[in-house]
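Encoded as C-alpha coordinates, here's the structure I'll be asking about.
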(Lines give C-alpha, C1' and ligand atoms only; values in the text may rest on other atoms or scores of the structure.)
Protein backbone atom coordinates (compact mmCIF):
# COMPACT_ATOMS: atom_id res chain seq x y z
CA UNK A 1 0.00 0.00 0.00
CA UNK A 2 1.24 3.43 -0.96
CA UNK A 3 0.36 6.75 0.70
CA UNK A 4 -1.44 9.08 -1.67
CA UNK A 5 -0.83 12.83 -1.55
CA UNK A 6 -3.82 14.76 -0.31
CA UNK A 7 -5.56 11.74 1.17
CA UNK A 8 -4.78 11.08 4.86
CA UNK A 9 -6.22 7.52 4.87
CA UNK A 10 -5.60 4.69 2.40
CA UNK A 11 -6.81 1.12 2.33
CA UNK A 12 -5.96 -1.67 -0.11
CA UNK A 13 -8.90 -3.55 -1.63
CA UNK A 14 -8.48 -6.85 -3.44
CA UNK A 15 -10.39 -7.19 -6.70
CA UNK A 16 -12.62 -10.12 -7.64
CA UNK A 17 -13.20 -12.05 -10.83
CA UNK A 18 -16.77 -10.75 -10.85
CA UNK A 19 -15.60 -7.09 -10.85
CA UNK A 20 -14.49 -7.29 -14.48
CA UNK A 21 -17.39 -6.79 -16.82
CA UNK A 22 -17.93 -7.74 -20.43
CA UNK A 23 -15.31 -5.25 -21.57
CA UNK A 24 -12.59 -6.82 -19.41
CA UNK A 25 -12.25 -4.09 -16.77
CA UNK A 26 -13.72 -3.37 -13.38
CA UNK A 27 -17.30 -2.25 -13.98
CA UNK A 28 -18.24 1.35 -13.16
CA UNK A 29 -20.57 0.36 -10.31
CA UNK A 30 -17.85 -1.45 -8.40
CA UNK A 31 -15.93 1.80 -8.02
CA UNK A 32 -18.74 2.92 -5.74
CA UNK A 33 -18.42 -0.30 -3.81
CA UNK A 34 -14.78 0.62 -3.21
CA UNK A 35 -15.92 4.07 -1.96
CA UNK A 36 -18.48 2.48 0.35
CA UNK A 37 -15.90 0.03 1.63
CA UNK A 38 -13.09 2.43 2.49
CA UNK A 39 -15.56 4.81 4.16
CA UNK A 40 -17.35 2.22 6.27
CA UNK A 41 -14.16 0.41 7.22
CA UNK A 42 -12.83 3.67 8.60
CA UNK A 43 -16.10 4.51 10.41
CA UNK A 44 -16.21 1.06 12.03
CA UNK A 45 -12.53 0.71 12.90
CA UNK A 46 -11.73 4.30 13.85
CA UNK A 47 -15.09 5.90 14.64
CA UNK A 48 -16.86 3.13 16.59
CA UNK A 49 -19.72 2.84 14.10
CA UNK A 50 -21.62 -0.38 14.87
CA UNK A 51 -23.79 -1.23 11.85
CA UNK A 52 -25.40 -4.22 13.55
CA UNK A 53 -26.46 -2.83 16.91
CA UNK A 54 -25.51 0.86 17.15
CA UNK A 55 -27.96 3.78 17.42
CA UNK A 56 -26.55 5.58 14.41
CA UNK A 57 -26.69 4.66 10.72
CA UNK A 58 -25.05 6.44 7.80
CA UNK A 59 -27.27 6.85 4.72
CA UNK A 60 -25.82 7.82 1.37
CA UNK A 61 -27.43 11.06 0.15
CA UNK A 62 -25.37 11.67 -2.97
CA UNK A 63 -22.39 10.18 -4.78
CA UNK A 64 -20.30 10.92 -7.79
CA UNK A 65 -17.45 9.37 -9.77
CA UNK A 66 -15.19 10.50 -12.58
CA UNK A 67 -13.47 7.58 -14.32
CA UNK A 68 -9.92 8.24 -15.50
CA UNK A 69 -8.18 4.89 -16.01
CA UNK A 70 -9.28 1.29 -16.20
CA UNK A 71 -8.84 -0.96 -13.17
CA UNK A 72 -8.63 -4.68 -13.68
CA UNK A 73 -8.85 -7.97 -11.78
CA UNK A 74 -6.65 -9.53 -10.34
CA UNK A 75 -4.78 -6.34 -9.43
CA UNK A 76 -5.27 -4.64 -6.07
CA UNK A 77 -6.77 -1.18 -5.73
CA UNK A 78 -5.80 1.52 -3.24
CA UNK A 79 -8.81 3.47 -1.99
CA UNK A 80 -7.67 6.79 -0.50
CA UNK A 81 -9.99 9.06 1.44
CA UNK A 82 -10.30 12.52 2.91
CA UNK A 83 -13.12 14.51 4.50
CA UNK A 84 -13.94 17.87 2.93
CA UNK A 85 -17.02 18.86 4.88
CA UNK A 86 -18.02 17.88 8.39
CA UNK A 87 -21.50 19.13 9.32
CA UNK A 88 -23.71 18.46 12.35
CA UNK A 89 -25.23 15.33 10.86
CA UNK A 90 -23.60 14.98 7.46
CA UNK A 91 -20.14 14.32 6.04
CA UNK A 92 -18.69 14.77 2.58
CA UNK A 93 -15.86 12.41 1.65
CA UNK A 94 -13.60 12.55 -1.38
CA UNK A 95 -12.08 9.32 -2.59
CA UNK A 96 -9.28 8.59 -4.99
CA UNK A 97 -8.87 5.10 -6.45
CA UNK A 98 -5.45 4.00 -7.63
CA UNK A 99 -4.21 0.85 -9.31
CA UNK A 100 -1.93 -0.57 -6.65
CA UNK A 101 1.53 0.98 -6.94
CA UNK A 102 0.41 3.87 -9.13
CA UNK A 103 0.25 7.54 -8.13
CA UNK A 104 -2.09 8.38 -11.02
CA UNK A 105 -5.73 8.18 -9.93
CA UNK A 106 -7.91 5.71 -11.81
CA UNK A 107 -10.97 7.53 -10.49
CA UNK A 108 -11.92 10.46 -8.30
CA UNK A 109 -15.25 10.73 -6.57
CA UNK A 110 -17.18 11.98 -3.62
CA UNK A 111 -19.86 10.62 -1.34
CA UNK A 112 -22.18 12.30 1.18
CA UNK A 113 -23.36 10.52 4.31
CA UNK A 114 -26.25 11.71 6.44
CA UNK A 115 -26.27 10.12 9.87
CA UNK A 116 -29.68 9.12 11.24
CA UNK A 117 -31.12 7.42 14.30
CA UNK A 118 -31.72 3.73 13.83
CA UNK A 119 -35.11 4.11 15.52
CA UNK A 120 -36.82 6.90 13.53
CA UNK A 121 -34.31 7.26 10.67
CA UNK A 122 -34.19 11.05 11.22
CA UNK A 123 -30.94 13.05 10.92
CA UNK A 124 -29.06 13.45 14.18
CA UNK A 125 -25.82 14.92 15.47
CA UNK A 126 -22.74 12.85 14.84
CA UNK A 127 -21.67 10.96 17.97
CA UNK A 128 -18.38 12.19 19.46
CA UNK A 129 -16.15 9.22 18.51
CA UNK A 130 -17.30 9.42 14.89
CA UNK A 131 -16.80 13.18 14.74
CA UNK A 132 -13.36 12.83 16.27
CA UNK A 133 -12.29 10.15 13.78
CA UNK A 134 -13.62 12.08 10.81
CA UNK A 135 -12.07 15.37 11.87
CA UNK A 136 -8.66 13.69 11.61
CA UNK A 137 -9.28 13.27 7.87
CA UNK A 138 -10.61 16.80 7.31
CA UNK A 139 -8.56 18.72 4.79
CA UNK A 140 -8.81 22.12 3.21
CA UNK A 141 -9.19 21.59 -0.47
CA UNK A 142 -8.75 24.63 -2.63
CA UNK A 143 -9.60 22.82 -5.83
CA UNK A 144 -12.21 20.21 -5.16
CA UNK A 145 -13.17 17.34 -7.42
CA UNK A 146 -16.02 18.92 -9.38
CA UNK A 147 -19.13 17.18 -10.67
CA UNK B 1 -44.82 -0.28 -15.55
CA UNK B 2 -45.84 3.36 -15.42
CA UNK B 3 -44.74 6.12 -17.82
CA UNK B 4 -42.76 8.84 -16.04
CA UNK B 5 -43.11 12.49 -17.01
CA UNK B 6 -40.00 13.87 -18.65
CA UNK B 7 -38.50 10.46 -19.37
CA UNK B 8 -39.34 9.00 -22.80
CA UNK B 9 -38.16 5.45 -21.99
CA UNK B 10 -38.94 3.32 -18.93
CA UNK B 11 -37.98 -0.20 -18.01
CA UNK B 12 -38.99 -2.28 -15.00
CA UNK B 13 -36.18 -3.96 -13.07
CA UNK B 14 -36.80 -6.71 -10.52
CA UNK B 15 -34.88 -6.38 -7.26
CA UNK B 16 -32.86 -9.17 -5.64
CA UNK B 17 -32.40 -10.33 -2.08
CA UNK B 18 -28.75 -9.31 -2.34
CA UNK B 19 -29.67 -5.69 -3.20
CA UNK B 20 -30.75 -4.95 0.36
CA UNK B 21 -27.81 -4.11 2.54
CA UNK B 22 -27.32 -4.23 6.27
CA UNK B 23 -29.75 -1.35 6.77
CA UNK B 24 -32.57 -3.22 5.01
CA UNK B 25 -32.75 -1.15 1.81
CA UNK B 26 -31.27 -1.35 -1.64
CA UNK B 27 -27.61 -0.38 -1.30
CA UNK B 28 -26.44 2.85 -2.92
CA UNK B 29 -24.20 1.07 -5.45
CA UNK B 30 -27.06 -0.96 -6.90
CA UNK B 31 -28.76 2.26 -8.03
CA UNK B 32 -25.88 2.60 -10.49
CA UNK B 33 -26.44 -0.95 -11.63
CA UNK B 34 -30.01 0.05 -12.47
CA UNK B 35 -28.65 3.02 -14.47
CA UNK B 36 -26.23 0.76 -16.33
CA UNK B 37 -28.98 -1.73 -17.03
CA UNK B 38 -31.63 0.59 -18.44
CA UNK B 39 -29.01 2.34 -20.60
CA UNK B 40 -27.42 -0.80 -22.03
CA UNK B 41 -30.75 -2.57 -22.56
CA UNK B 42 -31.85 0.37 -24.67
CA UNK B 43 -28.55 0.52 -26.60
CA UNK B 44 -28.69 -3.21 -27.38
CA UNK B 45 -32.40 -3.50 -28.16
CA UNK B 46 -32.97 -0.18 -29.93
CA UNK B 47 -29.50 0.95 -31.07
CA UNK B 48 -27.94 -2.32 -32.28
CA UNK B 49 -25.09 -2.20 -29.76
CA UNK B 50 -23.43 -5.63 -29.75
CA UNK B 51 -21.29 -5.89 -26.59
CA UNK B 52 -19.91 -9.31 -27.54
CA UNK B 53 -18.78 -8.82 -31.13
CA UNK B 54 -19.47 -5.22 -32.22
CA UNK B 55 -16.83 -2.63 -33.15
CA UNK B 56 -18.09 -0.08 -30.66
CA UNK B 57 -17.96 -0.12 -26.86
CA UNK B 58 -19.46 2.40 -24.45
CA UNK B 59 -17.21 3.38 -21.54
CA UNK B 60 -18.54 5.20 -18.50
CA UNK B 61 -16.72 8.52 -18.06
CA UNK B 62 -18.71 9.99 -15.19
CA UNK B 63 -21.75 9.17 -13.11
CA UNK B 64 -23.77 10.74 -10.35
CA UNK B 65 -26.70 9.89 -8.09
CA UNK B 66 -28.86 11.81 -5.65
CA UNK B 67 -30.76 9.50 -3.29
CA UNK B 68 -34.25 10.66 -2.32
CA UNK B 69 -36.19 7.65 -1.05
CA UNK B 70 -35.34 4.11 -0.02
CA UNK B 71 -35.97 1.27 -2.46
CA UNK B 72 -36.44 -2.21 -1.09
CA UNK B 73 -36.46 -5.85 -2.15
CA UNK B 74 -38.76 -7.55 -3.20
CA UNK B 75 -40.43 -4.54 -4.86
CA UNK B 76 -39.82 -3.72 -8.52
CA UNK B 77 -38.10 -0.55 -9.65
CA UNK B 78 -38.91 1.55 -12.70
CA UNK B 79 -35.79 2.95 -14.36
CA UNK B 80 -36.71 5.89 -16.59
CA UNK B 81 -34.25 7.48 -18.98
CA UNK B 82 -33.73 10.50 -21.23
CA UNK B 83 -30.78 11.84 -23.22
CA UNK B 84 -29.73 15.42 -22.46
CA UNK B 85 -26.59 15.70 -24.57
CA UNK B 86 -25.69 13.85 -27.75
CA UNK B 87 -22.15 14.61 -28.92
CA UNK B 88 -20.01 13.10 -31.69
CA UNK B 89 -18.70 10.30 -29.50
CA UNK B 90 -20.33 10.87 -26.13
CA UNK B 91 -23.80 10.82 -24.62
CA UNK B 92 -25.20 12.16 -21.37
CA UNK B 93 -28.15 10.29 -19.94
CA UNK B 94 -30.37 11.28 -17.05
CA UNK B 95 -32.10 8.54 -15.12
CA UNK B 96 -34.95 8.58 -12.64
CA UNK B 97 -35.58 5.57 -10.41
CA UNK B 98 -39.07 5.02 -9.01
CA UNK B 99 -40.50 2.44 -6.66
CA UNK B 100 -42.89 0.61 -8.94
CA UNK B 101 -46.23 2.39 -9.05
CA UNK B 102 -44.91 5.63 -7.58
CA UNK B 103 -44.49 8.95 -9.40
CA UNK B 104 -42.08 10.29 -6.76
CA UNK B 105 -38.48 9.59 -7.77
CA UNK B 106 -36.45 7.49 -5.32
CA UNK B 107 -33.28 8.73 -7.03
CA UNK B 108 -32.15 10.99 -9.83
CA UNK B 109 -28.84 10.60 -11.55
CA UNK B 110 -26.84 11.00 -14.69
CA UNK B 111 -24.27 8.96 -16.57
CA UNK B 112 -21.87 9.85 -19.40
CA UNK B 113 -20.84 7.29 -22.01
CA UNK B 114 -17.89 7.75 -24.35
CA UNK B 115 -18.01 5.41 -27.32
CA UNK B 116 -14.70 3.88 -28.39
CA UNK B 117 -13.40 1.42 -30.95
CA UNK B 118 -13.06 -2.10 -29.63
CA UNK B 119 -9.65 -2.36 -31.33
CA UNK B 120 -7.75 0.70 -30.04
CA UNK B 121 -10.19 1.90 -27.36
CA UNK B 122 -10.06 5.44 -28.79
CA UNK B 123 -13.17 7.68 -28.98
CA UNK B 124 -15.05 7.43 -32.26
CA UNK B 125 -18.19 8.77 -33.88
CA UNK B 126 -21.40 7.13 -32.81
CA UNK B 127 -22.61 4.63 -35.43
CA UNK B 128 -25.82 5.70 -37.18
CA UNK B 129 -28.25 3.20 -35.59
CA UNK B 130 -27.05 4.15 -32.10
CA UNK B 131 -27.30 7.87 -32.84
CA UNK B 132 -30.76 7.43 -34.27
CA UNK B 133 -32.00 5.46 -31.24
CA UNK B 134 -30.50 7.96 -28.79
CA UNK B 135 -31.84 11.01 -30.60
CA UNK B 136 -35.35 9.67 -29.98
CA UNK B 137 -34.73 10.11 -26.24
CA UNK B 138 -33.17 13.57 -26.50
CA UNK B 139 -35.03 16.17 -24.49
CA UNK B 140 -34.49 19.85 -23.76
CA UNK B 141 -34.05 20.18 -20.06
CA UNK B 142 -34.19 23.69 -18.67
CA UNK B 143 -33.41 22.60 -15.14
CA UNK B 144 -31.04 19.67 -15.17
CA UNK B 145 -30.28 17.36 -12.31
CA UNK B 146 -27.32 19.14 -10.75
CA UNK B 147 -24.35 17.53 -9.08
CA UNK C 1 -43.52 -16.06 -17.76
CA UNK C 2 -43.97 -19.72 -18.55
CA UNK C 3 -44.95 -22.46 -16.12
CA UNK C 4 -42.24 -25.09 -15.75
CA UNK C 5 -43.08 -28.75 -15.31
CA UNK C 6 -42.24 -30.05 -11.86
CA UNK C 7 -41.91 -26.62 -10.31
CA UNK C 8 -45.09 -25.24 -8.72
CA UNK C 9 -43.81 -21.65 -8.42
CA UNK C 10 -42.08 -19.51 -11.06
CA UNK C 11 -40.88 -15.93 -10.98
CA UNK C 12 -39.33 -13.86 -13.76
CA UNK C 13 -36.08 -12.06 -12.93
CA UNK C 14 -34.67 -9.29 -15.12
CA UNK C 15 -30.94 -9.49 -15.80
CA UNK C 16 -28.48 -6.63 -15.38
CA UNK C 17 -25.53 -5.40 -17.37
CA UNK C 18 -23.31 -6.32 -14.43
CA UNK C 19 -24.43 -9.97 -14.51
CA UNK C 20 -22.44 -10.69 -17.66
CA UNK C 21 -18.83 -11.41 -16.86
CA UNK C 22 -15.69 -11.20 -18.93
CA UNK C 23 -16.80 -14.16 -21.05
CA UNK C 24 -20.06 -12.43 -22.07
CA UNK C 25 -22.51 -14.54 -20.07
CA UNK C 26 -24.15 -14.35 -16.69
CA UNK C 27 -21.48 -15.19 -14.12
CA UNK C 28 -21.81 -18.41 -12.13
CA UNK C 29 -22.31 -16.60 -8.82
CA UNK C 30 -25.36 -14.68 -10.04
CA UNK C 31 -27.22 -17.95 -10.53
CA UNK C 32 -27.18 -18.26 -6.74
CA UNK C 33 -28.52 -14.74 -6.48
CA UNK C 34 -31.45 -15.88 -8.61
CA UNK C 35 -31.98 -18.82 -6.24
CA UNK C 36 -31.86 -16.51 -3.21
CA UNK C 37 -34.28 -14.10 -4.87
CA UNK C 38 -37.01 -16.54 -5.90
CA UNK C 39 -36.87 -18.23 -2.48
CA UNK C 40 -37.00 -15.05 -0.40
CA UNK C 41 -39.63 -13.40 -2.58
CA UNK C 42 -41.85 -16.41 -1.99
CA UNK C 43 -41.15 -16.48 1.77
CA UNK C 44 -41.94 -12.77 2.11
CA UNK C 45 -44.98 -12.60 -0.16
CA UNK C 46 -46.56 -15.97 0.63
CA UNK C 47 -45.10 -17.00 3.98
CA UNK C 48 -45.11 -13.70 5.90
CA UNK C 49 -41.34 -13.68 6.43
CA UNK C 50 -40.36 -10.19 7.59
CA UNK C 51 -36.59 -9.83 7.14
CA UNK C 52 -36.49 -6.38 8.75
CA UNK C 53 -38.46 -6.88 11.95
CA UNK C 54 -39.61 -10.51 12.20
CA UNK C 55 -38.50 -13.02 14.85
CA UNK C 56 -37.36 -15.58 12.30
CA UNK C 57 -34.42 -15.49 9.90
CA UNK C 58 -33.50 -18.02 7.23
CA UNK C 59 -29.79 -18.89 7.02
CA UNK C 60 -28.32 -20.72 4.07
CA UNK C 61 -26.70 -23.99 5.21
CA UNK C 62 -25.78 -25.46 1.85
CA UNK C 63 -26.24 -24.72 -1.83
CA UNK C 64 -25.42 -26.32 -5.14
CA UNK C 65 -25.68 -25.53 -8.83
CA UNK C 66 -25.17 -27.47 -12.05
CA UNK C 67 -24.72 -25.20 -15.06
CA UNK C 68 -26.23 -26.45 -18.31
CA UNK C 69 -26.67 -23.50 -20.65
CA UNK C 70 -25.44 -19.92 -20.74
CA UNK C 71 -27.77 -17.12 -19.66
CA UNK C 72 -27.16 -13.65 -20.96
CA UNK C 73 -28.09 -10.01 -20.34
CA UNK C 74 -30.45 -8.40 -21.40
CA UNK C 75 -32.70 -11.48 -21.54
CA UNK C 76 -35.03 -12.34 -18.67
CA UNK C 77 -34.66 -15.47 -16.57
CA UNK C 78 -37.43 -17.64 -15.14
CA UNK C 79 -36.59 -18.97 -11.69
CA UNK C 80 -38.77 -21.96 -10.87
CA UNK C 81 -38.92 -23.51 -7.43
CA UNK C 82 -40.17 -26.53 -5.51
CA UNK C 83 -39.70 -27.81 -1.97
CA UNK C 84 -38.33 -31.32 -1.61
CA UNK C 85 -37.84 -31.54 2.15
CA UNK C 86 -39.72 -29.70 4.88
CA UNK C 87 -38.26 -30.38 8.33
CA UNK C 88 -38.99 -28.83 11.74
CA UNK C 89 -36.57 -25.98 11.25
CA UNK C 90 -35.06 -26.54 7.82
CA UNK C 91 -36.19 -26.58 4.20
CA UNK C 92 -34.64 -27.92 1.03
CA UNK C 93 -35.56 -26.13 -2.17
CA UNK C 94 -34.80 -27.16 -5.72
CA UNK C 95 -34.56 -24.45 -8.32
CA UNK C 96 -34.54 -24.54 -12.10
CA UNK C 97 -33.38 -21.52 -14.07
CA UNK C 98 -34.64 -21.06 -17.62
CA UNK C 99 -33.88 -18.48 -20.29
CA UNK C 100 -37.22 -16.75 -20.63
CA UNK C 101 -39.45 -18.66 -23.05
CA UNK C 102 -37.36 -21.84 -22.96
CA UNK C 103 -38.37 -25.17 -21.40
CA UNK C 104 -34.74 -26.40 -21.31
CA UNK C 105 -33.17 -25.60 -17.94
CA UNK C 106 -30.06 -23.41 -18.03
CA UNK C 107 -29.23 -24.57 -14.52
CA UNK C 108 -30.51 -26.83 -11.79
CA UNK C 109 -29.66 -26.36 -8.17
CA UNK C 110 -30.70 -26.73 -4.60
CA UNK C 111 -30.52 -24.65 -1.46
CA UNK C 112 -31.04 -25.48 2.23
CA UNK C 113 -32.41 -22.93 4.67
CA UNK C 114 -32.22 -23.31 8.43
CA UNK C 115 -34.62 -21.02 10.25
CA UNK C 116 -33.30 -19.40 13.43
CA UNK C 117 -34.46 -16.93 16.06
CA UNK C 118 -33.37 -13.38 15.39
CA UNK C 119 -32.42 -13.04 19.05
CA UNK C 120 -30.10 -16.00 19.69
CA UNK C 121 -29.64 -17.26 16.11
CA UNK C 122 -30.51 -20.81 17.20
CA UNK C 123 -32.62 -23.15 15.03
CA UNK C 124 -36.35 -23.00 15.77
CA UNK C 125 -39.58 -24.47 14.49
CA UNK C 126 -40.94 -22.93 11.33
CA UNK C 127 -43.78 -20.52 12.11
CA UNK C 128 -47.18 -21.72 10.85
CA UNK C 129 -47.64 -19.28 7.92
CA UNK C 130 -44.21 -20.13 6.57
CA UNK C 131 -44.81 -23.87 6.91
CA UNK C 132 -48.16 -23.55 5.24
CA UNK C 133 -46.75 -21.60 2.28
CA UNK C 134 -43.84 -24.00 1.85
CA UNK C 135 -45.98 -27.12 2.07
CA UNK C 136 -47.86 -25.88 -1.01
CA UNK C 137 -44.62 -26.25 -2.98
CA UNK C 138 -43.69 -29.65 -1.57
CA UNK C 139 -43.31 -32.30 -4.25
CA UNK C 140 -42.31 -35.94 -4.28
CA UNK C 141 -39.22 -36.22 -6.39
CA UNK C 142 -38.15 -39.69 -7.38
CA UNK C 143 -35.01 -38.54 -9.13
CA UNK C 144 -33.57 -35.54 -7.36
CA UNK C 145 -30.96 -33.18 -8.68
CA UNK C 146 -27.80 -34.83 -7.42
CA UNK C 147 -24.63 -33.12 -6.34
CA UNK D 1 -2.39 -14.65 5.84
CA UNK D 2 -2.20 -18.05 7.46
CA UNK D 3 -1.42 -21.37 5.77
CA UNK D 4 -4.31 -23.81 6.01
CA UNK D 5 -3.70 -27.51 6.45
CA UNK D 6 -4.65 -29.54 3.39
CA UNK D 7 -4.78 -26.55 1.08
CA UNK D 8 -1.52 -25.80 -0.76
CA UNK D 9 -2.55 -22.31 -1.92
CA UNK D 10 -4.10 -19.49 0.12
CA UNK D 11 -5.06 -15.97 -0.79
CA UNK D 12 -6.43 -13.19 1.41
CA UNK D 13 -9.55 -11.43 0.15
CA UNK D 14 -10.77 -8.14 1.60
CA UNK D 15 -14.49 -7.91 2.29
CA UNK D 16 -16.75 -5.07 1.19
CA UNK D 17 -19.60 -3.20 2.83
CA UNK D 18 -21.90 -4.62 0.15
CA UNK D 19 -21.02 -8.23 1.11
CA UNK D 20 -23.05 -8.04 4.30
CA UNK D 21 -26.70 -8.68 3.67
CA UNK D 22 -29.81 -7.79 5.61
CA UNK D 23 -28.87 -10.23 8.37
CA UNK D 24 -25.53 -8.54 8.97
CA UNK D 25 -23.21 -11.22 7.54
CA UNK D 26 -21.58 -11.93 4.23
CA UNK D 27 -24.34 -13.17 1.91
CA UNK D 28 -24.22 -16.78 0.74
CA UNK D 29 -23.62 -15.85 -2.90
CA UNK D 30 -20.45 -13.90 -2.13
CA UNK D 31 -18.82 -17.09 -0.87
CA UNK D 32 -18.91 -18.27 -4.48
CA UNK D 33 -17.33 -15.01 -5.56
CA UNK D 34 -14.46 -15.81 -3.20
CA UNK D 35 -14.16 -19.27 -4.81
CA UNK D 36 -14.14 -17.72 -8.29
CA UNK D 37 -11.56 -15.18 -7.22
CA UNK D 38 -9.01 -17.47 -5.63
CA UNK D 39 -9.28 -19.91 -8.55
CA UNK D 40 -8.94 -17.34 -11.33
CA UNK D 41 -6.21 -15.39 -9.56
CA UNK D 42 -4.18 -18.60 -9.43
CA UNK D 43 -4.93 -19.52 -13.06
CA UNK D 44 -3.89 -16.05 -14.26
CA UNK D 45 -0.81 -15.56 -12.06
CA UNK D 46 0.52 -19.11 -12.03
CA UNK D 47 -1.02 -20.82 -15.06
CA UNK D 48 -0.81 -18.08 -17.71
CA UNK D 49 -4.58 -17.91 -18.24
CA UNK D 50 -5.32 -14.75 -20.21
CA UNK D 51 -9.06 -14.03 -19.89
CA UNK D 52 -8.91 -11.06 -22.26
CA UNK D 53 -7.02 -12.44 -25.25
CA UNK D 54 -6.12 -16.10 -24.64
CA UNK D 55 -7.43 -19.09 -26.63
CA UNK D 56 -8.72 -20.89 -23.55
CA UNK D 57 -11.62 -20.03 -21.26
CA UNK D 58 -12.69 -21.78 -18.07
CA UNK D 59 -16.45 -22.33 -17.73
CA UNK D 60 -18.02 -23.30 -14.42
CA UNK D 61 -19.88 -26.61 -14.77
CA UNK D 62 -20.87 -27.20 -11.16
CA UNK D 63 -20.33 -25.63 -7.76
CA UNK D 64 -21.22 -26.35 -4.19
CA UNK D 65 -20.88 -24.74 -0.76
CA UNK D 66 -21.50 -25.82 2.81
CA UNK D 67 -21.77 -22.88 5.21
CA UNK D 68 -20.31 -23.42 8.66
CA UNK D 69 -19.68 -20.02 10.25
CA UNK D 70 -20.67 -16.46 9.48
CA UNK D 71 -18.14 -14.17 7.79
CA UNK D 72 -18.50 -10.46 8.24
CA UNK D 73 -17.33 -7.16 6.79
CA UNK D 74 -14.88 -5.49 7.48
CA UNK D 75 -12.84 -8.61 8.35
CA UNK D 76 -10.59 -10.27 5.78
CA UNK D 77 -11.19 -13.78 4.47
CA UNK D 78 -8.58 -16.41 3.62
CA UNK D 79 -9.54 -18.44 0.56
CA UNK D 80 -7.57 -21.69 0.49
CA UNK D 81 -7.55 -24.01 -2.49
CA UNK D 82 -6.53 -27.48 -3.64
CA UNK D 83 -7.12 -29.53 -6.77
CA UNK D 84 -8.74 -32.93 -6.30
CA UNK D 85 -9.24 -33.98 -9.91
CA UNK D 86 -7.28 -32.99 -12.98
CA UNK D 87 -8.81 -34.34 -16.20
CA UNK D 88 -8.00 -33.69 -19.87
CA UNK D 89 -10.22 -30.64 -20.07
CA UNK D 90 -11.73 -30.29 -16.62
CA UNK D 91 -10.57 -29.55 -13.09
CA UNK D 92 -12.20 -29.99 -9.72
CA UNK D 93 -11.14 -27.56 -7.02
CA UNK D 94 -11.93 -27.67 -3.33
CA UNK D 95 -11.96 -24.42 -1.44
CA UNK D 96 -11.95 -23.61 2.26
CA UNK D 97 -12.89 -20.13 3.46
CA UNK D 98 -11.58 -18.94 6.81
CA UNK D 99 -12.15 -15.77 8.79
CA UNK D 100 -8.70 -14.25 8.74
CA UNK D 101 -6.58 -15.68 11.55
CA UNK D 102 -8.88 -18.63 12.22
CA UNK D 103 -8.12 -22.29 11.50
CA UNK D 104 -11.81 -23.25 11.64
CA UNK D 105 -13.37 -23.17 8.17
CA UNK D 106 -16.31 -20.80 7.72
CA UNK D 107 -17.24 -22.69 4.57
CA UNK D 108 -16.13 -25.63 2.46
CA UNK D 109 -16.98 -25.96 -1.17
CA UNK D 110 -16.00 -27.24 -4.55
CA UNK D 111 -16.06 -25.93 -8.09
CA UNK D 112 -15.62 -27.65 -11.47
CA UNK D 113 -14.10 -25.85 -14.43
CA UNK D 114 -14.34 -27.11 -18.00
CA UNK D 115 -11.81 -25.49 -20.29
CA UNK D 116 -13.05 -24.57 -23.78
CA UNK D 117 -11.74 -22.88 -26.90
CA UNK D 118 -12.60 -19.22 -27.10
CA UNK D 119 -13.54 -19.69 -30.76
CA UNK D 120 -16.07 -22.55 -30.69
CA UNK D 121 -16.58 -22.90 -26.92
CA UNK D 122 -15.96 -26.66 -27.15
CA UNK D 123 -14.00 -28.55 -24.45
CA UNK D 124 -10.28 -28.81 -25.16
CA UNK D 125 -7.15 -30.18 -23.55
CA UNK D 126 -5.67 -28.02 -20.84
CA UNK D 127 -2.66 -26.06 -22.14
CA UNK D 128 0.65 -27.16 -20.61
CA UNK D 129 1.30 -24.12 -18.34
CA UNK D 130 -2.17 -24.40 -16.85
CA UNK D 131 -1.82 -28.16 -16.30
CA UNK D 132 1.55 -27.68 -14.71
CA UNK D 133 0.30 -24.99 -12.32
CA UNK D 134 -2.76 -27.02 -11.34
CA UNK D 135 -0.84 -30.23 -10.80
CA UNK D 136 1.16 -28.44 -8.10
CA UNK D 137 -2.10 -28.11 -6.11
CA UNK D 138 -3.26 -31.67 -6.69
CA UNK D 139 -3.80 -33.60 -3.46
CA UNK D 140 -5.06 -37.03 -2.59
CA UNK D 141 -8.11 -36.61 -0.49
CA UNK D 142 -9.42 -39.69 1.23
CA UNK D 143 -12.42 -37.94 2.67
CA UNK D 144 -13.68 -35.35 0.27
CA UNK D 145 -16.09 -32.57 1.00
CA UNK D 146 -19.37 -34.23 0.10
CA UNK D 147 -22.41 -32.59 -1.42
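The first chain written gets the first letter, and so on, giving A, B, C and D; residue counts start at 1 in each chain.
Methods note: a contact is a pair of C-beta atoms (placed from the backbone, for glycine too) under 8 Å apart; a residue touches a chain by one contact, two chains touch by 3 or more.
Keep in mind that this is a model prediction, so the values were computed, not measured.
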{"item": "Third chains touching both subunit D and subunit C", "value": "A, B"}
{"item": "Chains contacting each of subunit A and subunit B, listed by label", "value": "C, D"}
{"item": "A-C or B-C - the one linked by more C-beta pairs in contact", "value": "B-C"}
{"item": "Chain of greatest Cα-centre distance to subunit C", "value": "A"}
{"item": "Interchain centroid distance [CA atoms averaged], subunit A/subunit C, Å", "value": "34"}
{"item": "Computed distance of Cα centres, subunit C from subunit B, in Å", "value": "29"}
{"item": "Touching two or more other chains - residue numbers and ranges from subunit D", "value": "17-18, 20, 22, 24, 27, 29, 33, 36, 51-52"}
{"item": "Touching residues (chain side subunit B, partner subunit C) in the complex", "value": "12-18, 20, 24, 33-34, 36-37, 39-41, 44-45, 51-52, 73-74"}
{"item": "Subunit D-touching residues of subunit C, taken from the complex the two chains share", "value": "22-23, 27-30, 32-33, 36, 51-52, 57, 59-67, 146-147"}
{"item": "List of subunit D residues in touch with subunit B within their complex", "value": "17-18, 20-22, 24, 27, 29"}
